[in-house]
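In what comes next, chain A is part of two complexes: it sits with chain B in the first one and with chain C in the second one.
And now, the complex of A and B:
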């Protein structure tokens, strides 16, 4: 019993981090219909900001988090202006953007690899290796903090989308781009800001990832499929769906890892992605097959 | 009486088609690809001279292997419009199938290549049955998931050596001639593949695939069995990629997941087709030549493989943004395609 509870807690702790990693991806798809394959490599970019902040000046990754988010958001604005603004008008848009973001992912990976080499890195603030014991169950503090921070950020995002005026505009654009534009929403500005928020969330997630996982530039290939599985299972564009999917799949993966073998735990995400795309492409919370 | 009318109509149509074909032939230079092939087949004679041309042979062989793969990818990605980023899976299946038989029983992979291609095609057919239900971005993502799944499988499959792979015996020939059998294997495979894609494009099947890429629902309502057509296209493209993989393993003398199942291999296939021109016959060939030359230049001038990834991504982004039709496609649209490159 204690053993099962322990696995459940580890799964949930990991799910919190994955939820934030996937949230930005989901937002960007919802508003712009862009499957941003460069999202995971941007998370790694955020992780490097936190890593160097900690390594050079001893700044806690949780403090660097907003800085990483702002830096990445700026990258997002530039990318949007240079690459996606023009593409948004093309006919074969969604397929083209997948390949384009793929190319962007390679560019960033190559740049990060050239600058920082492909050695494994991890930031190690004191709490990263610590754990809280409740009876015979332990909770790794690093993952606990990361999970809490990520839920706080996601709640903030949800409140922003739900109650702010700009949030209305974002949600309206998600539901129907043309109708929103007719009602006076500056769709282009909304797209740019949502893209920047999405990429900024990647930066924030990166700061958390930097002390939860070890990372190197080429690692993002593995995360692409993991994050896509969350976003697709949750229903593309539904942030709540992504969060639920993140917890669900992480817990399943934790049990698979414990009972079947550690190598097969990541396989859970890949198989899930594969099966969901085939069986229910609209995901759990999507109402129509957006991606199909 | 009625049947006579009908045959007269058919006769007129046949004449008209023949005239069209003749006109198309005039814009084409059939001698050019044949001449290129003749030169390439004669190229190993250079080894009879005193100096060593192994590097030249390697470059041609490497390009030819990518011509096979990119042209194979083109059947699904170019003709049918289903972009797969997971075709290195079939490269791995071909490589492992032929490589394991070669390691155990010593049968040359060059002989095994068509069989390895068939195995890849069967796997491709089964996978295509499942994944071709979805299209657009979903299909691309499912193909990425496929690579991840196969990577874990091959990394943990002890029979094929897991992540460490299996080393294969090297060919028993003097250094100067060691590359020649593989050279001929790849050049012949490339020629066969290019000719096969030409025949496919000009068949009823190819017409069906092009209809699917334009508008699948209309194609279906026009009576095309779209499900069967695209699955068959998937299997055919897997066949050629698998064939290239089979010989590639023996050429490198080892098979290992991080040779076959790295994302750069499938990116190269996609990039070559996009750069040269998706859905054209000469496109993948031109793309393969350009990308291989570009990669070599990167290695010579910058060394590191990280720069190579960056540069590949940059070329891909620029090609997608400014030449979505590719070199051949853009030239053909503006009517400036030279006759020697009009292989369609």
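And now, the complex of A and C:
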């Protein structure tokens, strides 16, 4: 029983980190229909901000987190203006963004490698490798703090989307871009801000990732498939769905790793991706696609 | 008369141009994983190769010719590595090649280089199966095939650990990777087979751990890429109660993740042995948790090997100084090994006076323990498979942030091994 509880805790701990990593990806797709393959490399960018803050000045990654979010959000604004804005009305916009963001990911990876080298990094605040023990059960403090911060940020985002005037505009744009525009919503501004928030969330997630996982510029290729499986399972564009999927899949993967074998734990995410596309392509919380 | 003079002048110009072409730089190609999973080691390999070539050129080059290194990034991808070596040979018309990093990349590359009759010096690619394919002119520049790396761990336990306090149980966890699988095969005593036809390459039973009276109570693999559940794995290791933890990681990054996870779950083994972790990045990522961890190595800065570069004595102290001047950091084995590869090819070209790969291969194959290649990794002579003869792995141990050299004890001065490890 204790063993089962321990595995559940470790799964939930990992899920908290994945939730924030996937939330920005989901938001950007929901509002703008951009399949942002560059999202994970932006997480790496945020991790570097936290790493250098910690290494040079000893600043805790949790303190650096808002700075990483702001820096990456600014990068998001620039990227939107340069890469995505003028193509937003194209009929094949979503398809185009797959290729565009793939290229952006490669360019950012190269830039990070040139600036910081391709060597691995990890920040090491004391809590990153500590744990709270209750009898034989332990809760890893690094993942615990990352999970709590992650849920606080996502809750704040949800409140912003639900109750703020700009949040209404974002949700309206998510539901029907043309209708929102007809009702006076500046969809271009909404898209730019949404993209910036999404990339800013990647920066915040990066600060958390910096002490949970070691990272280097090319590491993002390992995360894209995992994050996509979370977003697809949750329902493309549904932040709540992404959070639920992150916890669900991380817990399942933890049990698979413990009882079937570590080799298979990563497969859990991909298997879920296949199954959900066959059984419920709109995901757990997504809308059923309209028939043409 | 004028026409004859013009023809003579043209002929002279043509002959001069031909002579210049002949005396152009020696071109050497290396496909390295500068990005992707092996990028950390790949970058360091480039530094090692480039430093060696720069020093050779400063000393006047090889046979009075400067040397040019052509490096391509294979993104840690075997198919790209194959394509790049074919391009080096067929398009760039290189005179020689240096090997790439990792068994995963080396295995397919070896076939291409053998087909093109190129000498294949391998800096990192220790899986035994690479050397049982019948390739000629393949030469490995680490102590022995990875399957035999566990012999050093066995000898360390037999000679440096008090007999009444030895570990009796082990957890062996490994990346599902060519290199890690090879070391695991030696430790567990399994059979190594040829991937092409399933034939038995080597039967390693009963395995080094059983030979030293250690029972394996936990054995697990993680996937080659994308594994994140380190805490779960570390918890399972701890629950097994193993007194020896063997972590066969494919990269230093995995070694960092595993060590940090073992610290988090508060595992308390007597001894920890990792297959990767000599790098400065490992020390930075693990801090004092690394204390007491054993890592096998092919090179140590304190090993007083007498080597040669362009006919002049060149030891590890000179290598360390030159590396620090060039890159501003202390070298580790991932830079030292490619440097040794470069030294050996230089010695072969100097001795034979040519870049003809057939002659280079003959010369390298003819090395003996009495007349070896002399590198900063020590002496090298190879058996018919291309594996070094009589060359034990060095065993190092992290203590107080310093990678100390602890085994073998009968060759040169070593530090005292700390034991038991206890917690992280």
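Going forward, the second predicted complex is superposed on the first by the 286 of 292 C-alpha atoms of A that agree within 3 Å, B and C clash if a C-alpha of one lies under 4 Å from a C-alpha of the other, contacts with A are read in each partner's own complex, and residues count from 1 in each chain.
Basically, a residue touches a chain if its C-beta (ideal position, glycine included) is under 8 Å from a C-beta of that chain, and two chains touch if they have at least 3 such contacts.
Everything numeric here is computed off the predicted structure, so don't read it as measured data.
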{"item": "Touched partner set for A:105, first chain B, second chain C, both or neither", "value": "first"}
{"item": "Partner chain(s) touched by A:254 [first = chain B, second = chain C, both, neither]", "value": "second"}
{"item": "Contacts of A:263 with chain B and chain C, given as first, second, both or neither", "value": "both"}
{"item": "Touching partner for A:278 - first (chain B), second (chain C), both, neither", "value": "first"}
{"item": "Touching partner for A:118 - first (chain B), second (chain C), both, neither", "value": "both"}
{"item": "Which superposed partner A:156 touches (first chain B, second chain C, both, neither)", "value": "neither"}
{"item": "Touching both chain B and chain C, residues of chain A", "value": "109-110, 113, 117-118, 217, 221-222, 225, 263, 266-267"}
{"item": "Complex contacts: residues of chain A adjacent to chain B", "value": "35, 37, 83, 86-87, 90, 92, 94-96, 98-100, 102-111, 113-114, 117-118, 217, 221-222, 224-225, 228-229, 232, 263-264, 266-267, 270-271, 273-274, 277-278, 281, 291-292"}
{"item": "Chain A residues within the chain C interface of the complex", "value": "3, 6-7, 10-11, 13-14, 109-110, 113, 117-122, 124, 128-131, 133, 138, 140, 142-143, 213-214, 216-218, 221-223, 225-226, 253-254, 257-258, 261-263, 265-267"}
{"item": "Residues of chain B that touch chain A when the two form their complex", "value": "83, 85, 130-131, 133-138, 140-142, 144-146, 148-149, 152, 155-156, 263, 267, 270, 274, 304, 306-314, 316-317, 320-321, 324"}
{"item": "Complex contacts: residues of chain C adjacent to chain A", "value": "34-37, 39-40, 42-43, 75-76, 173, 176, 220-223, 225-229, 231-233, 235-236, 239, 251-253, 256-257, 260, 263-266, 281, 284-285, 287, 289, 424"}
